[in-house]
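We call the chains A, B and C, going by the order they appear; numbering starts again at 1 in every chain.
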Amino acid sequence: MDNELIEKVLEEIRKKVDLKNISKDQLNEIVKSSSENLISRQNKENNNKKEVDLMSAPSPITEFVGTANYGDTVGLVIANVDSLLHEKMGIDAKYRSIGIISDRTGAGPQIMAADEAVKATNTEVISIELPRDTKGGAGHGSLIILASEDVSDSRRAVEVALKDTDRTFGDVYGFDAGHVELHYTARASLALNKAFGAPIGKSFGIIVGAPAGLGVVMADTALKTANVDLVSYSSPSNGTSYSNEVIITVTGDSGAVRQSVIAAREVGLSIARSMGQNPVSTTGKPYI
Amino acid sequence: MDNELIEKVLEEIRKKVDLKNISKDQLNEIVKSSSENLISRQNKENNNKKEVDLMSAPSPITEFVGTANYGDTVGLVIANVDSLLHEKMGIDAKYRSIGIISDRTGAGPQIMAADEAVKATNTEVISIELPRDTKGGAGHGSLIILASEDVSDSRRAVEVALKDTDRTFGDVYGFDAGHVELHYTARASLALNKAFGAPIGKSFGIIVGAPAGLGVVMADTALKTANVDLVSYSSPSNGTSYSNEVIITVTGDSGAVRQSVIAAREVGLSIARSMGQNPVSTTGKPYI
Amino acid sequence: MDNELIEKVLEEIRKKVDLKNISKDQLNEIVKSSSENLISRQNKENNNKKEVDLMSAPSPITEFVGTANYGDTVGLVIANVDSLLHEKMGIDAKYRSIGIISDRTGAGPQIMAADEAVKATNTEVISIELPRDTKGGAGHGSLIILASEDVSDSRRAVEVALKDTDRTFGDVYGFDAGHVELHYTARASLALNKAFGAPIGKSFGIIVGAPAGLGVVMADTALKTANVDLVSYSSPSNGTSYSNEVIITVTGDSGAVRQSVIAAREVGLSIARSMGQNPVSTTGKPYI
């Protein structure tokens, strides 16, 4: 089985190498793909290893809930938060347990997913912080803290959130020069309210473009397309963590919000293509 | 079996390498350029795709003006900014149109270019924001917003700015551990005034070193070399977006400013070389 | 001569490949090391060039003290800081000279090393700034400014600090999705006091996890494990430069601090492994 994998990789290299006059470009190709293969194979290895770990691990970390498929997203829980830490994190005295959603790449997808999680469970959103991250990309990671009286609620919420990112990453379109990202919900809840001031229970859309200039044009298109209200406007030096994004959020009638988000997506992707980029859905399954 | 394949691969590489009387520098160049070629090849592919798109595209995006050759710089315009957005962006009521210069890598080059653009056109600088970016590098990207009564003026300004970055990237010297960047103009205008408080109409220089320590020594050298006035001093936690740079700007007699900038360049490049780095002009054509 | 170098590299690869039963792990290792070798070879090349430069250079840069082995750390001194710069940097009038420690990756290791340097020399810590950096990673770089009346003291301090990072990088564990980092000293001095408010002369520990969620669980474990006082708690939007880290610092009885840090390390590394990551000591020599 391992050999099959090895064979496959080598076969590919061999095909390239067997060409008669290997050019400098081709040599470059080999060198280039070595690092790409390294990453993809390492990921596979890690996945295999993880499976093995899960099967054989004698004492798994009780705080570890799991990972999501995208964004280096990890889910964690603490059943009884240490009292010093509890105070420093500003958690309400009535909650002993917290759930943690933390990632390198993505704020929108995880916040949307956390929003679904708090709808589905008996938890509260304590804080949402947005590091400047995305591993060299233009945007944010996130650190989302949920709390509950009972740890099982936090754990359940984290599980729901991790799973739901498979959906919400569907409208994150990455490309070399930046990204285009859209989110939509028919009914905003506590996470979206905490992060963006979304009116609870109302239709809500998030529109993100990077580099920031894309976001400006996407915002303009979104607002012109349908009769929506602008909830927030963030730019590199105002409302982001100095990310290279313009982010707007809109609310209103659900049809209008959806229409607005879709129009912004079209113009964002078109500009990216005009820049010579190839924007693709992270999951291959747009959800809006 | 696997060994045979690997052997063959290595043999091919070896043959290629042995055939050419490849020098140490050339090998270095090949290895080093592998990642650069990766990007440029991707770009070529994208460009090909773009050409196809442009030929077949039924309705090109009117907001898209073009791209510059460096820094993932894109130029955009909006002819009639949506009124909600207009207000949120703080644009003066008399301007309907905006021009946008947005990029992943570089603030100095784009601001210098925008400065030339506003000199040459009937536009005003609305805002200059500096995301922490450079795609994993040590510095900033930028988001520059220009405004005009007529969209043709904004469009023209963006075109001028995109073109001028070919010049202003000439004194951006990138290397693995950081960068050394210099800018000089005999006559500062509104963009430099907005971004750095440059006295309008006077000679102006920008001196940047990364990691930040290089910038400290460059600043010291610049100020000791010639009789210039220090306009601004920025460091990671003060005046930058937490970039790993020290940036100073200077003004004064044009000869003195130029001399000061050149001296800073020499010491910055020397330190980089002492660090075992190989700083090179982004365009191959220093302009100062 | 150049061919000799190439031959050597290829011979090394070939030796590895000739091993009879090449496993998936070994192939992985080879592919992986190709990119690492690329970097290290380039570094060697650069070092060779540097040695040549140093031998042949008629006027080496007097400000350049040296580099450390990790983090793109460079040490610099200025014997007589320019008076304008002196004022802008807020340096006490009695100090003419400054020492500079500047890097792309790492704040903890360099601050710990600077702490040892000020203990060992007649210097003072002027400022410690933390750019958001690590070359696309989740954390900080640093810019540390020391000052002294005599340049020889600053130079000596920088030399001590550069050398000591070989030790302090021992408990920095990098992996693709983040890092786990620990520091411990039996006696905190002026650099740790400046950076984190460490009580001078007391035992002090630093606990860092990235992405930030790891740091929350590490913090909780550290505080539960031993009777220590929490000195500081930093998170992406509070006390960091929007890095994707939670950082706590603790003080107390030296045995307790050490125990607390070690427990945090274990849980941090375990979570990383549960995430399918492979955290490894930067130097291969943990020091705590």
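Worth pointing out:
Basically, a contact is a pair of C-beta atoms (placed from the backbone, for glycine too) under 8 Å apart; a residue touches a chain by one contact, two chains touch by 3 or more.
Keep in mind it's a predicted model, so treat the numbers as computed, not measured.
Common neighbours of chain B and chain C (chains touching each): A. Interface of chain A with chain B: the two copies contact each other largely through different residue positions, with under half of all numbers used appearing on both sides. A separation of 28 Å divides the Cα centre of chain A from that of chain B. Residues of chain A found to touch two or more other chains are 6, 31, 132, 135-136, 242. Those residues of chain C that touch chain B in the complex are listed here as 1-3, 5-6, 10, 13-14, 17-18, 22, 27, 38, 41-43, 45-47, 49-50, 53, 60-61, 63-64, 67, 72, 74, 76, 78, 81-82, 84-85, 88-89, 98, 100-104, 129-133, 135-136, 141, 143, 145, 241-242.
By the touch rule above, chain C contacts chain A in their complex via residues 22-25, 27-28, 31-32, 34-35, 38, 132, 135-138, 176-178, 211-214, 216-217, 219-220, 223-224, 230, 233, 235-238, 240, 242-246, 248, 267, 270-271, 273-278.
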